[in-house]
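Two complexes come next, and they have one chain in common, subunit A, joined by subunit B in the first and subunit C in the second.
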Partner chain A sequence: MNPLRVALAVARKDLRSEWRTRELVPALAQFIVLALLIGNFGFQIDARNANTITPGILWLALVFAGLVAFGRTFASEREQASLEAMLMTPASPVAIFAGKALAATALLVICEAVLLPALNLFFGADISGDVVAAVLLATIGMAVLGCLFAAVVARTRARELLLPLLTLPLWIPFIVAGGLAVQSAMGLPGNYQQAIGLLIDFDILFVVLTSLAARFVLDE
Partner chain B sequence: MSSYIKASAAAVVLMLVAGAAIFLYAPTDALQGPVQRIFYLHVSSAIAAYGCFAVVLVGGVIYLWRENLIADRFARAGALAGVVFTTVTLVMGMLWAKPIWGTFWTWDARLTSTLVLWIIYAGYLLVRRLAEPGRQAARFAAVVGIFGFIDVPIVHFSVTWWRTQHPGPIIVNDALPPEMLAAFLFTLVCTLVFAAVLIGIRYRIETLQDERETAVAPAKVVPAHQPEAVP
Partner chain C sequence: MSVIVADGLTHRFGAELALEAVDLVLDTGEHIAVLGDNGAGKTTLLRILATALRPTAGRLQIAGLDAFRERRRLRHYLGYVAHSPGLYPALSAIENLEFFCDLQDVNRTRAGEAVEIVGLGHMAHRRAAELSRGMQQRLAIARAILHEPRLLIMDEPNASLGSDAADLLTHVMRGRTVVLATHDQALANRLCPRTLVLRHGRSLGTATHLRVVQ
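Moving on to the complex of A and B:
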C-alpha cells in the first residue's frame, strides 16, 4: 500500500466526517472569539497598547484552540473503536498517523483563518504575509506534536488533563520562535529572519522525531 | 546489612563530606559572600539531573527497540531522580537569585527552559501513572522521555545562545580559583554517586512493584488442547 495514498485517504476521511457533522470547526471558531473577548477584558486593550498585546493574544488563543482541537482528534476513533480497525489493515501505522496529523493541521489552519481576521477586526492588528507565514510554519510542528500526544492520551485515563501537560511544554519552542517572528512582523523589535529559520529547524526536527515515534504510539 | 543500606549510608556520608568541603574548605566569595556557596550543589544537581534524564532517554530508546523491561525500570527510576534534582536546582537557584539579583525568579532563557524541563518530566511521571500499566505505559512514557530530552541541550546551551541573566559556563572557562574548583569537582562526584544510589534503590523498588503486580493477578494458563469441562 502506498503510504502517501493511505495518509491522504485517512485525512480525507477525517475532513469529510467533520464536513458532514460540522461539529468542531464552529465550536472552535466560537472558542477563538471567546478567547479574544477574555483577552480584551484581561488586558484592557485600547488603541495605545493593542500593538504590543495582540501577538500574545494570538498565541494564547491559537494554543488553547489547538489543545481543544487535538483533544478531539482521536475522540471519534475512540468512541467507535475504529482506530483498531484501521491498524488491522496492512497500511503502515506511520501513514495512518500522518493522515491524522494532516487532517489536524487542516483544522488548525481553519482556526487560524478565523483567528487572524478576528485579530485584525477587533484589535486592529496588522496581519501581513509575514505574520501568516510565521503562524503557518508554527502550525506544522504544533500539529505533529499535538497529534502524537493526542494518540498517547487517547488511551490513558484523565486524557483531558494529560494532553495539555504533555503538549504545551513541547510547543514552547514554536511559541518562542513564532512569537518572535510575529512580534517583529507587527513592528516590535526582533529578528524576523532568524525566528523563521528557528521555526523551520524545529519543524524538521519534530516531524522527523514524530514520524519515528508514531509507530510506537499507534501500534498495539 | 543489605547492600542497599550500605550504599545509601555511603552516599549520605559522601554528601556530608561534600558539605564540609563547601563550608570549611572552599573560600568565601569576595563579591557575593557566603551565599555563593549555593553554587556547588546548585550546579552539581543540575548536572546530576542531566545524567538522570540521559538514563531516561537511553532506557526509553532501548525499551522501544528491544522491549527490555530492565531498561524501562531504569528509565522510571531516572525520571523520578531527575525531577528531584531539577527541583533542588530550581529551589537553590531561586534562593541564590534573591540576594544577588534581587528577585527569586526572572524569565531568562536558562530559568525558563529549566522550568520546562521540570514540567516535561513531571508529565512523564504522570503518564506512567495514568496510562494502562505495563507495555502501554512504558511505550508512551518512553516517547515522552525521548522528546523531553530535547530540552536538555536547550537548557545547557541557553546561556550561550541567548543573552541571559544567568551566568554562562564558568567551569569550562576556567574562571574559578583552584580551591573552589576542587570543592566543586568533589561535590559533583558526590552528587553523581548520590544520584546513582537513588536510581539503584528506585530500580529495586520498581522491580519489586512489577513482581507484586504480576503476583497479585497471575496469568491463568489454560492449555489450548484441553478445554474446561462444561457441566
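Moving on to the complex of A and C:
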C-alpha cells in the first residue's frame, strides 16, 4: 500500500470537508483580521518601525491560528467516530497522520498567503521571499507537532485546554528561530542563514520524532 | 478451519470488568449472533474481535494469526460495522466510499458496486449528513464490504435499517464468516444458526437458537 496515496487521500478528504462546511476558515480569518486590527490600532506603525513590529504581529497571529487549525484536525474525527473506521483499514497510521498534518498545514499556509501580503499592504513591511521561506519552514514543524498533540488530546475532555499546554512549549524553538529569520530578512540585525539552518534542523528532528510517535498515538 | 479462536478474552475499563474470560471458536463460513442486554459486553467483545481494542487478558487468533501482533495484515481479511456509522457528513455517500477505497487499496469502481449492493445507488451523490440514520447504516455496511472481507463483524447492523434489514444482511453475509451483535432475537435466529449469549460480561455459552429460546 502506497503511504503517499493514503496521505494525499486523507488530506484531500479533510480539505474537501473544510471547503464544504467552512468550520475553520472563518475562525482563522478572524484571527488574521484581529491581528491586523491590533497592529493598526495597538501600535503606532509607520514606515520607520514597520519591520520592527510586524514580525511580532505575524507570529502572534500564526500561533493562535495554528492552535485553532491543528486542534480541530483530530477532534472532528473523534466526534464523528470516523477515526476508528480509518484505523481499521490497512493504511499506515503514520500515513494517516501525515495526511491530517498536510491538510492542517495547507489551511495555515492559506492564512499566511493572506496575512503576509496584508502586512505589506497595510503596514509597509518588507515581505521578501526570505520571509516567506522562514514562515513556511516554521509552519512545517509547528504543523507536525500541533497535529501530534491534537491526536493525543482528542481522547480527552479538556482538549481545548490541554492542546496549548502541550504544544506551545514545543513551538518555542520555531517561534524563536522563525522570529530571528524573519527579522533578519526584514533588514534587522541577525544572521538569516543561521536561523534558517536552525529551522531546517528542527523540522527534520520533529518530523522524524512525530512520525515515530504517531504510530503509537493513533494505533492504541 | 477455524477463523476465530478466542481464549479467555477479558477486558477492563479501569476498575469495571466489561468482559470476563469469553471463549469462542468459529469455523469458516459460520454465522454467530451475540445476544445480551445493554452493558452485557457485546460491543466490547466485537471491538476485540475486530482488533480495534486490545483485551486486558486472553488470546485471540484470526485465520491462524495472532490477532494483535498481525493486526495490520488482518485488516485486509476482516470488515467491521461499528456501533456508530463513523461517516464524513460533508462528503457524499460515494465520496465516503471512494475515500475508504483509497485507504483499503482497492479500485474506486468498487465504491459504485458497494453502494448498489446496499440499495443506495439513487442516493450516491447525497451528502452523508443528508441521509437518514438507516441510510447511514447502509453506507457503513457498504464501507465494511468494500475490500471483500472474508470475516465480517457487525455491531447492531440492523439499527434503523427498516423492514428489509434481514434481506440486506443475508446478502452481505453470504459466503463470509460473520459475528453479529444484536438485541433482535428473531433476526439473530433468522440469520445465524449459532448464538452466544452474554450477561454482565460473562458468556452463558454458545448454542443453537432453539436452545437459547429454551
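Definition applied: the second predicted complex is superposed on the first by the 210 of 220 C-alpha atoms of A that agree within 3 Å, B and C clash if a C-alpha of one lies under 4 Å from a C-alpha of the other, contacts with A are read in each partner's own complex, and residues count from 1 in each chain.
In this section, a contact is a pair of C-beta atoms (placed from the backbone, for glycine too) under 8 Å apart; a residue touches a chain by one contact, two chains touch by 3 or more.
Keep in mind the model is a prediction, meaning the values are calculated, not measured.
Contact with neither subunit B nor subunit C is seen for A:33 once the two complexes are overlaid on the shared chain.
In the superposed pair of complexes, A:25 makes contact with neither subunit B nor subunit C. Of the two partner chains, neither subunit B nor subunit C is touched by A:75. Using the contact criterion defined above for the overlaid structures, shared-chain residue A:60 touches neither subunit B nor subunit C, since it reaches no partner. By the touch criterion defined above, A:209 lies against subunit B but remains apart from subunit C after alignment on the C-alpha atoms of chain A. Applying the stated contact rule after C-alpha superposition, one finds that A:6 touches subunit C and leaves subunit B untouched.
In the superposition on chain A, A:106 contacts neither subunit B nor subunit C. Subunit A contributes residues 145, 148, 152, 155-158, 161-162, 165-166, 168-170, 172-173, 205, 209, 213, 216-217 to its touches with subunit B in the complex. Remark: subunit C residues 50-52, 54, 72-73, 75-76, 80, 82, 84-91, 95, 99-100, 102-105, 127, 143 touch subunit A in the complex.
The touching residues of subunit B, counted against subunit A in their complex, run 64, 116, 119-120, 122-123, 126-127, 130-132, 136, 139-140, 142-144, 146-148, 150-151, 154.
For subunit A in complex with subunit C, the residues that touch the partner chain are 1-2, 5-6, 9-10, 13, 16-17, 20-21, 80-92, 96, 220.
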